[in-house]
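Right, one structure below, let's go through it.
Chain lettering (A, B, C and D) follows the sequence in which the chains are written, and residue indices restart at 1 in each chain.
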Amino acid sequence: MKEECGVVGVLLDDTKSQSKTAALQIYYSLYALQHRGQESTGITVYNGGSTHSLKGMGLVPEVYAREDIVKLVGHVGIGHVRYSTTGQSRIENCQPLIVNYKSGTVAIAHNGNLINGHDLRDELESEGRIFITDSDTEVVAHLLVKELLKHGAVESIKNVMKRLKGSYSLAIMIDDLLIAARDPLGIKPLCIGKTDLGLVVASESVAIDTLNGKLIRDVKPGEIVVLKDGEVESHQVYNTTHAAHCVFEYIYFARPDSVIDGQLVYKVRERIGRELAKEHSVEADIISPVPDSGITSAVGYSRESKIQYQEGLMKNRYIGRTFILPGQEMREIAVRLKMNTIAENIEDKKVVLIDDSVVRGTTSRRIINMIKDSGAREVHARIGSPAIIAPCYMGIDMATREELIAANNKVENICNTINADSLGYLSIDGLVRAIGLDKEDLCMGCLTEVYPLEIPGEKCQCRQTRLNQF
Amino acid sequence: MKEECGVVGVLLDDTKSQSKTAALQIYYSLYALQHRGQESTGITVYNGGSTHSLKGMGLVPEVYAREDIVKLVGHVGIGHVRYSTTGQSRIENCQPLIVNYKSGTVAIAHNGNLINGHDLRDELESEGRIFITDSDTEVVAHLLVKELLKHGAVESIKNVMKRLKGSYSLAIMIDDLLIAARDPLGIKPLCIGKTDLGLVVASESVAIDTLNGKLIRDVKPGEIVVLKDGEVESHQVYNTTHAAHCVFEYIYFARPDSVIDGQLVYKVRERIGRELAKEHSVEADIISPVPDSGITSAVGYSRESKIQYQEGLMKNRYIGRTFILPGQEMREIAVRLKMNTIAENIEDKKVVLIDDSVVRGTTSRRIINMIKDSGAREVHARIGSPAIIAPCYMGIDMATREELIAANNKVENICNTINADSLGYLSIDGLVRAIGLDKEDLCMGCLTEVYPLEIPGEKCQCRQTRLNQF
Amino acid sequence: MKEECGVVGVLLDDTKSQSKTAALQIYYSLYALQHRGQESTGITVYNGGSTHSLKGMGLVPEVYAREDIVKLVGHVGIGHVRYSTTGQSRIENCQPLIVNYKSGTVAIAHNGNLINGHDLRDELESEGRIFITDSDTEVVAHLLVKELLKHGAVESIKNVMKRLKGSYSLAIMIDDLLIAARDPLGIKPLCIGKTDLGLVVASESVAIDTLNGKLIRDVKPGEIVVLKDGEVESHQVYNTTHAAHCVFEYIYFARPDSVIDGQLVYKVRERIGRELAKEHSVEADIISPVPDSGITSAVGYSRESKIQYQEGLMKNRYIGRTFILPGQEMREIAVRLKMNTIAENIEDKKVVLIDDSVVRGTTSRRIINMIKDSGAREVHARIGSPAIIAPCYMGIDMATREELIAANNKVENICNTINADSLGYLSIDGLVRAIGLDKEDLCMGCLTEVYPLEIPGEKCQCRQTRLNQF
Amino acid sequence: MKEECGVVGVLLDDTKSQSKTAALQIYYSLYALQHRGQESTGITVYNGGSTHSLKGMGLVPEVYAREDIVKLVGHVGIGHVRYSTTGQSRIENCQPLIVNYKSGTVAIAHNGNLINGHDLRDELESEGRIFITDSDTEVVAHLLVKELLKHGAVESIKNVMKRLKGSYSLAIMIDDLLIAARDPLGIKPLCIGKTDLGLVVASESVAIDTLNGKLIRDVKPGEIVVLKDGEVESHQVYNTTHAAHCVFEYIYFARPDSVIDGQLVYKVRERIGRELAKEHSVEADIISPVPDSGITSAVGYSRESKIQYQEGLMKNRYIGRTFILPGQEMREIAVRLKMNTIAENIEDKKVVLIDDSVVRGTTSRRIINMIKDSGAREVHARIGSPAIIAPCYMGIDMATREELIAANNKVENICNTINADSLGYLSIDGLVRAIGLDKEDLCMGCLTEVYPLEIPGEKCQCRQTRLNQF
């Protein structure tokens, strides 16, 4: 599973001081959002008269040299980390996207995926427009600039939002104006915070924490927020009866210490574990997580079931970097390099193994085999999400329907395939309870095959969103 | 003085073979054109279905790994080397520029400068269009794609050419169609050649030589050539009474072994030396060049004057790379690192020192001082071009009028400033004779302050160019 | 605290096959040992006739390209990861050290520190010998080669071991002979394993696990093992009444999934937590670890105390790389970048905070302040080791006596300094119980100021080691 | 043909100033010596208390960042550029070699090759000594340090020189003492100069020129010079009846603007051309060099023969870097990438083609074929050296006897092989006259098969060298 991006925007209160270290604040924030994208990163700032950028392929500490950050003077700016869903690792695709237009410069950092991105691109191409990158972001830039010729910034973004279908959390800088916007269903997270030095918007609240700031609130679905003179000005473009927050942010993507749409991810995961224990109890000796994503749920399962929490697998902390290694043999040894059993903890034990989700089943099978090779008597797989039976169209590159093991197999089959002694998925209702939001406010398209947006060939339970009058 | 770019396009006869090594041919060609740009380079090829590129900052051997070239399969492609005139060394500005539009992909490699580039950009921006790079090339791309929606490739390029004012030699690839075009005055060079494997267009004929090919002819001013099925199809867009070939290609930019618009650069430089000897003869012991650009003219001067050719300066062959070294002190020692006197050859000698041109005069003064410190009795500077008294608007970053020593000083003053015992510039007529083309077919704007195109605030002796009917 | 190194040696059974992929096995092993050194790494293999190496600064995946590993053909080899204790990051210091001598080549990978390294260096220098690196390894190489001129490999290493005082775990390759040796007190870990392809020695058993092998046993203190023809040949050089295994391998350095001298590190840490709970019980709401090193002990403390385990801190998984960022401000924000509080989990709570050790106290203070800022009512620090009151002379760069907070302060003072509500260190006896080995077999020099080896100016309770007769 | 190295040493007069920019002086010098080695480079300086170095693979501007040079504070230092003869491109082999020994630090930069290097290495290895690099320099370091334990610096170097057979020009820094030494036959060049800031020793005088200094004199064969307090102290270790200066320094290696052992290389090459014209006159239209090495001789040949000098080949100035490109096809196109004909200059012409030497004949054949393809009527090859019939044992990697075309073929055969219409080599006596030194003071081993030193299996006309009494 691959998450697309993390975005951040920073506006310093002091627009006059010499230092104007918006870039440094953005840099620290991107560190905190690194888990949302490790392929490329960029920072763009505006300093009174002009826009300057740093960009590159790789991790935050690899791309930015301290000297360069220090030279990137400006009191306002935006930043981005990116995880390619397409595999097209091109420097041209690295964000923020900066475009010059009639009246100045627009910089855009985008997290999400447009369902009608292709159509909009076609439409724009029909006007004779050209595209230099592969990204939806360039589509947004075209639409936005067209509006900016006729309207003010907020009006323009509003008009653009009318055209977009899909998920988007945007940090936009129009010259020195910092604006954030979130799609009408609030699919991807976006929140606002306050630090000693000014205001910040970010994909996750951990970015605000890192700056020693306070989370003010989430950007609302369908809302545009303008950060100006230390104030947060709100424009509710859409009124939405129900949101469609992506459940996988809670299940897997977000950092456990982030608070998204009012819910602490850590707590959600703990409750997922408790729900799972209630739904699929089993007599066992120990509860073991697949680290890191299974840890918190395993703690919850243990607490609910009163069965002892005991780590049976240890994750290599340096393995994050192996994605750069190609080769057949590598893939075979990959699981073993990434994960090791703690044999003594599992020998002769009945193990409940907790993971967040199962996509293709290959990794689960390898892990369970490793555990059995290390002497476990039984392995009972418990999955902190319902079965993934359909693809995501809102920006998550899970797999095709052909590849998704649960799209094509019953639970018993999957259980056999992954070599488990029993297998239990969390129920939809259990998940909803664990998240703690109204079921109608969640996207669960990949779990139910019912999407919150119209997607050709798929069922849809559309949310009622109504454009506000201004 | 900085030259902007070199372009190349290659079309293999065999469009079906597995190898399809257009990229390799382009790569070799770019080696031969490296002197036209050392800042960045790119190659784009088309392989039946799609377009692929390699790009990077630096020299040709630094940017392209052999493996990568080999993987860049395609039977047609274009390439580029670039020398920034603006100092904006951004990877985004690296060419070819590749844009996606309604019906496919357009790749453009451009050498030249648009006088109305800014106006066209304004006009396009007024339509709500956006710009991601700083380059004129993106302007051309916008105009071209607008036309391509309504017209065929040739018609489209013709219509674009009607809008462009300035110098341009273009290699354009529209999907698999390779097209070259040259501005109506033929300011920048562009020629066509044939190799064992197919056809090639290039900024200079040395690229064709390197591929062991034969120069067919120059692209004519105002001509579009389509390379198709091994044939060269010509479309004369403009009929031009007189061209305006840049004289500095002969004086300085081009490689001596290139043939440009029918004239071998080496021979031109040799004749420059002879003319100079006739116009500014002097009694002396030796004729010495400022290497490398003065060498051929010095040989010509020596032959005409019957005074012995003797090298008094030796150039460090590795110094080309020092441009990466910043710092005050460096600039002071720069001349000495770049050039050394051969004291024994100049001691007690009256030296005629030949260089191609004088821009600011600083380097000339340092060199002459070095020669005098090494014991020369007299140094008579002879310059293979008339005095540069005005800027170039067609793509050459010479200097501003304030910086140009000859724009603000008489010859005697300059002679004093550079510490020479006498100073002789080649006359305009001498230069014309040396080049061997009709005076009316040359651009000498920077030497005469009369330009071949209308430029706000400058005198113009415009060429009559008439659009052809098709 | 900085650990010096990880070593590995691999001998394939099939010495004849074409593939001879010892390098690949070493490469995977070094991945598993990466936590023991991130500064530089090297691999050396022997292929019938000659010795070849790859080396470089940085992490394992950064230094080795797959192609290069594949080309490094050989059936036997050794590898190394290094963490500089001296701050001298020079490529020359990168191991294995390869030396040519009269009869061939010796390659050495070394983990440990010689107490008499300086004296031996002086002695060797007095003979007119020269040193190219700063390392003890070069000292060992000199001594070994001197012996090899007169004796066989085992005899030679035996004679060298007679000269060395300090800690050392060595993987040595003399041409194609793979030998491992461990100091008479077994201070640093070293173990032997068997894989499908052959034999392996490594600093930690996780390297063997990663190769899907089985741990055979530890190399014994004072033992030389020769790996030959698939057999492990043992030579007990020293008979030791008591070993002196470094307790900090269990407390902090080693991976929790490693088994060292018969004890699973994970279990030791869990018992440390239990002991700590017994010794320093406190009424509290939650038990929280300082991740990652405090996690396992916190689980143990929770189980013993029956107080709920709840994570209050989240560690940024990508921060490992920030050590490359210099600068004042960085250090201040460093803790916040590395660690974030999960406010909801700790608000209004009495928190027992478990960490492995306290060196200077600075980091502890910053973390406790963060936790209190996030609303914790009380923070009770519990440390999984006795107070560190003296430096280590056996290879661990802890700090000087001046810097060690516990060397100069009473517990109350420390408690105040770090802003905790109470502070409890594990007792010496508790630690010994947790480790599960005889107290007399442990080194606890830095905790007791009594060292297992004679060190000028320090107290010593020397172990009785007796040289074996052969 | 590959030259091994360039060395430099700098001692500033002002040993106290804050700046202490010996490193910067060395850096500039290495630029000037870059033609003597492009594989790796290093600088070592001493600053009152300790020795610091910068080293790396690649060209001078690639290895040294300006900041690093500035930080390398010291008033005395040595530097090196290296061209591997062995193909072993290892960072370990990069010089200066810095060794620590009993009383301090010795740094050595070495140009040359020891004939008894292998024997000395064996001898040292028999003492149990170890070698970390492949270089003769480490042999010298061992011998020197052995002496330094018993004797002063000069006495020690004297004693070392008694042991060395072969060519060596050494810059040695023993703590802050800068010493240069040259082998008793003065095979490799080494000279002394004075700048505004202090003293300098260097392989070629161009390094001194670059620092705006004055050449004082060459280091004499068998001489040790100590640079101290701004003075040059001489110790003549050996009295030599006759030197054996390598003739190929004049013919090919050295920069034309260098003065070596009293002779300006440029003048030597010009006289070589004149001698060649006298010995092998031919009726022809033009004299053309193979650039760059043939240029000066072609000028001389033209002047003597009164036949016009006309360039028929143009060299690509950027091709120096292609050595990094491997691959079959590359080698075939290599000559064409490196060299282009100026067809117009040679069409229908009888061409005398001047090159410095012929090794294998392959390149000559390719060049002559290119010239004929471009329309030359006849090509008469004239070579500025006698035929190379034997290998060099003093540090130049020419080729094996099997590969040397002239070792196995008569002149007519060679002429046929390279496809020339006639072929003339310079005579031994002609070369001696051109150089202008006593025949007995030259090494011409590779031309005559009689070497100035005893080499097993080769004839020797040994020079009488007598050790001085001190």
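General observations
Basically, contacts are C-beta pairs under 8 Å (C-beta built on N, C-alpha and C of every residue); 3 or more make two chains touch, one makes a residue touch a chain.
Note that this is a predicted model, so its numbers are computed, not measured.
Taken together, chain B and chain D share no touching chain. Centroid distances from chain A, each centroid being the mean of CA atoms, peak for D. The equivalent interface to C-D, defined as the listed pair sharing over half of its contact pairs by residue number with it, is A-B out of A-C, B-D or A-B.
Each chain gets a centre from the mean of its Cα atoms; for chain B and chain C, those two points are 61 Å apart. Centres computed as Cα averages put chain A at a distance of 49 Å from chain B. Separation between the centroids of chain A and chain C, computed from CA atoms only, is 37 Å. Touching two or more other chains at once is no residue of chain C.
Arrangement of the chains shown, judged by which pairs touch: one closed cycle in which each chain has exactly two touching partners. Screening every pair of chains for touch gives A-B, A-C, B-D, C-D.
Of all residues in chain C, those touching chain D in their complex are 91-92, 97-102, 106, 122, 125-126, 128-133, 138, 141-142, 145-146, 148-149.
On the chain D side of its complex with chain B, the touching residues are 24, 28, 31-32, 34-35, 38, 59-62, 66, 206, 209-210, 212, 255-257, 259, 264, 266-267, 292, 296, 299, 303, 308-309, 311, 314, 316-322, 324-327, 329-330, 333, 336-337, 340-342, 344-345.
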